[in-house]
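The structures considered in this document are given below.
Each of the next two complexes has subunit A plus one other chain: subunit B in the first, subunit C in the second.
Showing the complex of A and B:
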C-alpha cells in the first residue's frame, strides 16, 4: 500500500467520523447534548448481555453481572449529573434521593421521567420505580426458558450505585411486570439498608 | 398438668388408633396413602419448578406444526428457501440485460407466479432474502418486505438472545410481524 493510499484512507476516515467527533468533543458540562443513537446503544447492550451470558452459570449470575456493569455506569452518571445540572445538590435523605432518581437521573439517561415512584405496601424500607417502556430494553425479548430473567438488572445497577453515592445504600433488583400494551414494563425495587432507615428515623425525630 | 395432658393425648391415640387390630390397620394404610400423596405433589411441584421452560408443554409450539390453513411448515419453508436461492443466483448471473459487464449485476428473481399463488422475494444489500408466498391479488409486496427487513434488524439483530443463522424466536418480532402482515 502506498503512502498516498494510506493518506487518502485516513482522510476518508476523518470525514466519516467527523460527526462522531463532534459528539465526543462537546463540552461535558452542557446539559442539553446531542443524543446517542438508540440503535447503536441497542447493539452495544446486546453485546454486553451476550458477553456476560457466556461467562456465567445461571440467570441469577447473569443478573448479578449486569448489575455490576450498571454500577460502574451509575457512579459516573451520578458525578456527571451533579456537575451538569444547575439546581441539584448531593442528596442524603431517602425521599430526596428517590425523587432525584425518578426525575433528574431518569431525564438525563432516558430523556423522560420514570412513570411512577411508589412505596411498597408491605414494608417501609422498600420503594419501587416503574418505567413503562425502558428505552434500552426496547428490542430485547427474553426466551421462554429464561422467563425469570430481567434485563433491567443493568438499570438496577445504575440505581444502586447512585443510591450508594447519596449515602443511602440499598439492595436494588429489577422485575419485568408486563401490563396491557406494555410488555416491557420494568419495576426497579429498592430495599434500603437497615442503618439508612434507622438514620431516617433519628433525623425525623430530631426535627 | 402438662404431663397429664400428654398422657391423656397418648392414651386417646392408643385407644382410638392402636387398640383394635382393624383400626390399627386402617390407620397405617390411611397414613401411608396420605404421605405418598403429599410426597408426590411436593416432589412434582419441585420438579416443575426445576425444569420450568424445558418441558415438552413449554416448547411444543416450537416443533408442532402450525394448524392454520395454508401456512408453510418450517421444513417446507427451508426447502423453498434452499431451492429458491439456487435459481435466484442463476438468474442474476445469466441475465441477458447485464451480460458482459462485470460490475452491474441483475437483482435476480423478484416474483414467481403459479396458477394459484405468487412468491415474492426481496434481497437486502447484505444478501439476506425475505420471501412471502401470497395469492395472485398481491402484485407488489416489496414495501412490506423492506419493512420486514427493518423488523428483522430491530427485533432480531438487537436482541441478545438471537443467534445468527438460527430461526428467530422472539415474541416481539412475531407480534410486530403479525401486525405488519395484517395491514397488507
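Showing the complex of A and C:
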C-alpha cells in the first residue's frame, strides 16, 4: 500500500467518523421521530419474508431466519427501552421479565399492551404472550400450502433477544391461533431454559 | 402553485389517511435486513443490488397504495413527477419531504436531497462498508424506479452522496430514460 493510499483511507475515515457522529450523537432519550407508515413497514417486511423464503428449504428454516432478523431488532429495542423508561429496572426473574415484555416492550413497539399473558397448563416453564391483532402482520397473507407458517416468528425473535438480555434465555416460537374475528391472533410461546427454572427455584427457596 | 398543492396533498394524506407504525421498529427492522444481506452475500456491491431489487419489488406495488390514498392523477411532465415523488411519495411513507435540486438542462434528470433520512437513524457504517461502496439506503432507489415504471417512466436511480459515508448531504439522482408505451408487454396475456 502506498503512503498516499493510506493517507487517503485515513482521511476518508475521519471524515466519515465526523459525519456519522452527527447522527450518533443525537439524544436518544426521546424518539427523534414518532411514526412511519404501516405500509412502509409492511412492504419491507414482505420483502424480508420473500427474500428469506428464497434462501431456505422449509417452513421451519424460514421461521428461524425471521427469528434471527427479529433478534437483532430485539437487542436494540431492549437497550433503548432500558435507557428511556425511568421506572423500569433490569429484570432477571421470570415473571418480571414476562410482565416487562407484555407491557413495556409491547407498548414501545406496538403502542398497546399484549392482550394476554398466561402460563401453560402443561408445563411450568412455558408461558404465552398473546396478541389478538398484530398490526405489523396485517398485510402478510400466507398461502394455503404454508398454513403452518407463522410470520410472527419475527416478533418471537424480538422477544427471544429481550428475554436473553434479561438473563432469562428461552426458546421462543410463534403460532397463529385464530379466534373469531381475529384471524391473525398470534401466540408467542416462551419455553425458558432449564438453568433459568432451576435458578427460579433456588431464589424461591431462599426467600 | 402546483408545488404547494402537492405538499398539501402529501401532508393531508399523512395526517388523515395513513395507518402508522413505530418509526424505530421500522428503522431497526430495515437495519437488521441490511445486516442479514451483508452476512449472506459477503459483498457490498451485491448487497446494493439486492436492496435495489427489493426496492423495485416494493415500488411496483407501492404505487397503487399512493394512488389510493391521495387520489392524485398521472403526472403531466417530469417536473411534476419530481414534485409528487418528493412531496407525496416520501411524505406518505416516511413522513419526510426531500428537496428537489440540480435539474439537468434537458429536464430529464434531477436530484432528491434527503436532509433527514429515517433509515440512517442509529446507523454507523463500518469503514470497510464505506470503502467497498455500500449504499445503505439503496432500497429507496429501487422503490422510486419501480414506482415510476408503473407510471410508464423508465428511469435510472442511484445514490450520489450519503451522509453515512461522510458526505455533506444524501443525494439520490433520478434520470428519465424513456417513456414506455402503454402496451401489453410481449408474452403477457
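The rule is short, and it goes like this: the second predicted complex is superposed on the first by the 177 of 207 C-alpha atoms of A that agree within 3 Å, B and C clash if a C-alpha of one lies under 4 Å from a C-alpha of the other, contacts with A are read in each partner's own complex, and residues count from 1 in each chain.
Quick note on the criterion: a contact is a pair of C-beta atoms (placed from the backbone, for glycine too) under 8 Å apart; a residue touches a chain by one contact, two chains touch by 3 or more.
All values derive from a computational prediction rather than experimental measurement.
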One more residue to check, A:99. First (subunit B), second (subunit C), both or neither? neither
On the superposed three-chain arrangement, identify whether subunit B or subunit C touches more subunit A residues. C
Report for A:146: first if it touches subunit B alone, second if subunit C alone, otherwise both or neither. first
State whether A:179 touches subunit B only (first), subunit C only (second), both chains, or neither. neither
In the superposed arrangement, which partner chain does A:203 touch: subunit B (first), subunit C (second), both, or neither? neither
Scan A:50 for contacts with subunit B and subunit C and give back first, second, both or neither. both
Report for A:39: first if it touches subunit B alone, second if subunit C alone, otherwise both or neither. both
Once the shared chain is lined up, is A:135 touching subunit B (first), subunit C (second), both, or neither of them? second
Touching partner for A:76 - first (subunit B), second (subunit C), both, neither: second
Find the residues of subunit A that appear in the contact set with subunit B and again in the contact set with subunit C. 39, 43, 45-48, 50
Which of the residues in subunit A come into contact with subunit C in the complex? 9, 12-13, 15-20, 22-24, 31-41, 43-48, 50-51, 55, 65, 68-70, 72-73, 76-77, 80, 108-111, 135-136, 154
Residue ranges of subunit C touching subunit A (in the complex, touch as defined): 14, 18-26, 28-33, 35-36, 40, 50, 54, 57-58, 61-62, 65, 92-95, 118, 120-125, 127, 130-131, 139, 163-168
Touching subunit B in the complex, subunit A uses residues 39, 42-43, 45-50, 53, 139-147, 151, 183
In the complex formed with subunit A, which residues of subunit B make contact? 52-54, 58-59, 154-155, 157-161, 169-173
